[in-house]
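One structure follows; several queries about it will come next.
We just call them A, B, C and D in the order they show up, numbering each chain from 1.
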């Protein structure tokens, strides 16, 4: 194949980095030029800061997951390239629902905003699974020395992804705010879990 | 030459990744701040999602094609660098006609929008051919071990490109919507063809 | 770990480069379309040029510091990855307060603008320290041949960072303009100090 | 030094790629949403297409020049890093005057627009010279095997840069349009010269 795994990772890193950095444009747009009472406005748009942080961390975690996945993969084929483009299309989409949630979570349309955000993350998680299970099925694209325990560990950690995000999304039908708090909790959980996992690994 | 093929690919990857990721700004701009009835609006801008997906996949496919081409090229000269800048100038242009098509395909100006989009893809396809045929003419820039079958395979696959896009563009004079559906079909065709091609390669 | 220090630096370089390059959008937005008396406007937005320069140089210096830090680090763990995402989240945030300061430093809300800018730099400096002291504590992630003098030199240079920025920020309660001049002075100091340091190194 | 020439080039490539790709946002903003008579508008904004092309090619040429320069440089010091940040600050600035020129070249404020564009290119050319002459003075940062003929060739080609752009800029006091045509001609000259130079090299 003309595209090596290294080149694929570089291209993907670019999309992850740009999507994460573009998130600030949504925060910026919340404060119009010639605004009166800047201090109040700066505090008033706190949902934008929260949305920025949650989406930045979520994209960052997905960036780590992508490398975790690619570290087991030795070669790519044309179908895997297409699947990667599908995944990156979801990652690059994230800034849009992030802004919508930040703007509407306190308003009458909170439910639609939360559903849009959640739906994006569900599809992204599905695309992650499509990439991984295509690559790992029958060890199709895995490197010869990919450890079976690590491979099945990744599979186990990817399987619930779409369901977890779907669950948090469906909560929006009852309470949009609870749904958004769950998206936040998922990001915080990963950060905390990583810290403990990191500590445990070190101790071992 | 001061620029290696590796550095050229890195720079090109950057432009491909940024152009694809910027596409989301066009979707985002479709929903104004303080919009009423968010849910209806989110559904109503479906042409923006479609345009986002078609252009993202189109840029992604061009990224694959660029690496397919560069994999056969061993060195660059100053004229090839200039030709690459011309190609990247077309790639980076894509977000603009994408937004115009998404906004106008349902309106009175659908034809002008489709022509702008199509014209951009025609010129991009021509620039791809300029790059490849300049590099491969008399094996000017090809690596010594570039396989003749692969080289002529790339040439065969590049030749019809501008004509296919030109055909789809001219359809806009009869029906702008049919023209846009053809651009979509070209992207879908490549995705499907890749899957079958990928499967066939695997079977062999 | 699936993410090597090289990959981490490439991803971080992407965020640094994008955040710095996006700064120009804030300058651009200061001149509305169809503006009357363009020449006067171009001169009148001088705070935007200054803010652009100060933030660009500040991000550039942080980019150098990040490589200074990473040059001593041999491996990363999951907690360090999370800490890096936190740091990059701060770097990518900089364009927002940069625009707010440029717009409001001459107005009634100069204090709030300066506080927002300063607070961002304080948190960024803290995140730098979190990254470095986590990595260097007990030489946790340092390479075996990391020179003890260089390591303690970096530690010494990082320790005052948050306090210097906090001091400059608190000045805003007395005089927002003086606060902003201090942020400028910190950037200029580093540039000048680098030149002298560079000259001294050469002489040695 | 913690930053290798390779890392420096990667960071610089990022800024070059982003600055060039952001240029399309200025074209895009020329066509407001809900525009009437799209076809006329698409044709009417031809200065924006021209400005896009000229600035994209100019940034592309500067990207080539940067690699031409870096190919002779073996190591960087702190002062060279600072000088590079200054150069990139100019490159990232280009999208702003590009938009101003495109919007105003047909209006009453064409002179101010041309002066802003020209001034940016003059300062950029000066920063290029600062980088190169700092690095090459007494072969300070050059690689041991840097060919003296190539080094003095680069010096000769860099020296007139600021004066050429200054000349084209000063023409704006007589005729802004002539000034802008000169900026265009400089870019076209380089493209044509490269083609001839490339052909001559090949023939040799």
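Criterion: contacts are C-beta pairs under 8 Å (C-beta built on N, C-alpha and C of every residue); 3 or more make two chains touch, one makes a residue touch a chain.
Everything numeric here is computed off the predicted structure, so don't read it as measured data.
Enquirer: Tell me whether subunit A and subunit C, two copies of the same sequence, contact each other through the same residue numbers or different ones, using over half shared as the line for same.
Expert: Answer different: the two copies use largely distinct residue numbers here.
Enquirer: If you take the mean of the Cα atoms for each chain, which one ends up farthest from subunit A?
Expert: D
Enquirer: Quick one: superpose subunit C on subunit D by CA and send over the rotation angle as a multiple of 5°.
Expert: To bring subunit C onto subunit D, one rotates by 90 degrees.
Enquirer: Would you mind pulling out the distance in Å between where the CA atoms of subunit B average out and where those of subunit D do?
Expert: About 26 Å separates the centre of subunit B from that of subunit D.
Enquirer: Approximately how many whole Å separate the CA-defined centres of subunit A and subunit D?
Expert: Taking the mean C-alpha position of each chain, the two centres sit 36 Å apart.
Enquirer: For subunit D, jot down the residues that touch at least 2 other chains.
Expert: In subunit D, the residues touching two or more other chains are 10, 14, 18, 22, 25.
Enquirer: Going by the touch rule stated at the top, which chains touch which?
Expert: Contacting pairs: A-B, A-C, B-D, C-D.
Enquirer: Which of the residues in subunit D end up touching subunit C in this complex?
Expert: 2-3, 7, 10-11, 14-15, 18-19, 22, 25-26, 29, 77-82, 85, 88-89, 92-93, 95-96, 99-100, 103-104, 109, 111-113, 116, 140
Enquirer: Across the complex, what residues on subunit B touch subunit A?
Expert: Counting only subunit B, the residues touching subunit A are 9-10, 13-14, 16-18, 20-25, 27-28, 31, 33, 37-39, 42, 52-53, 56-57, 60-61, 63-64, 67-71, 191, 194-195, 197-199, 201-202.
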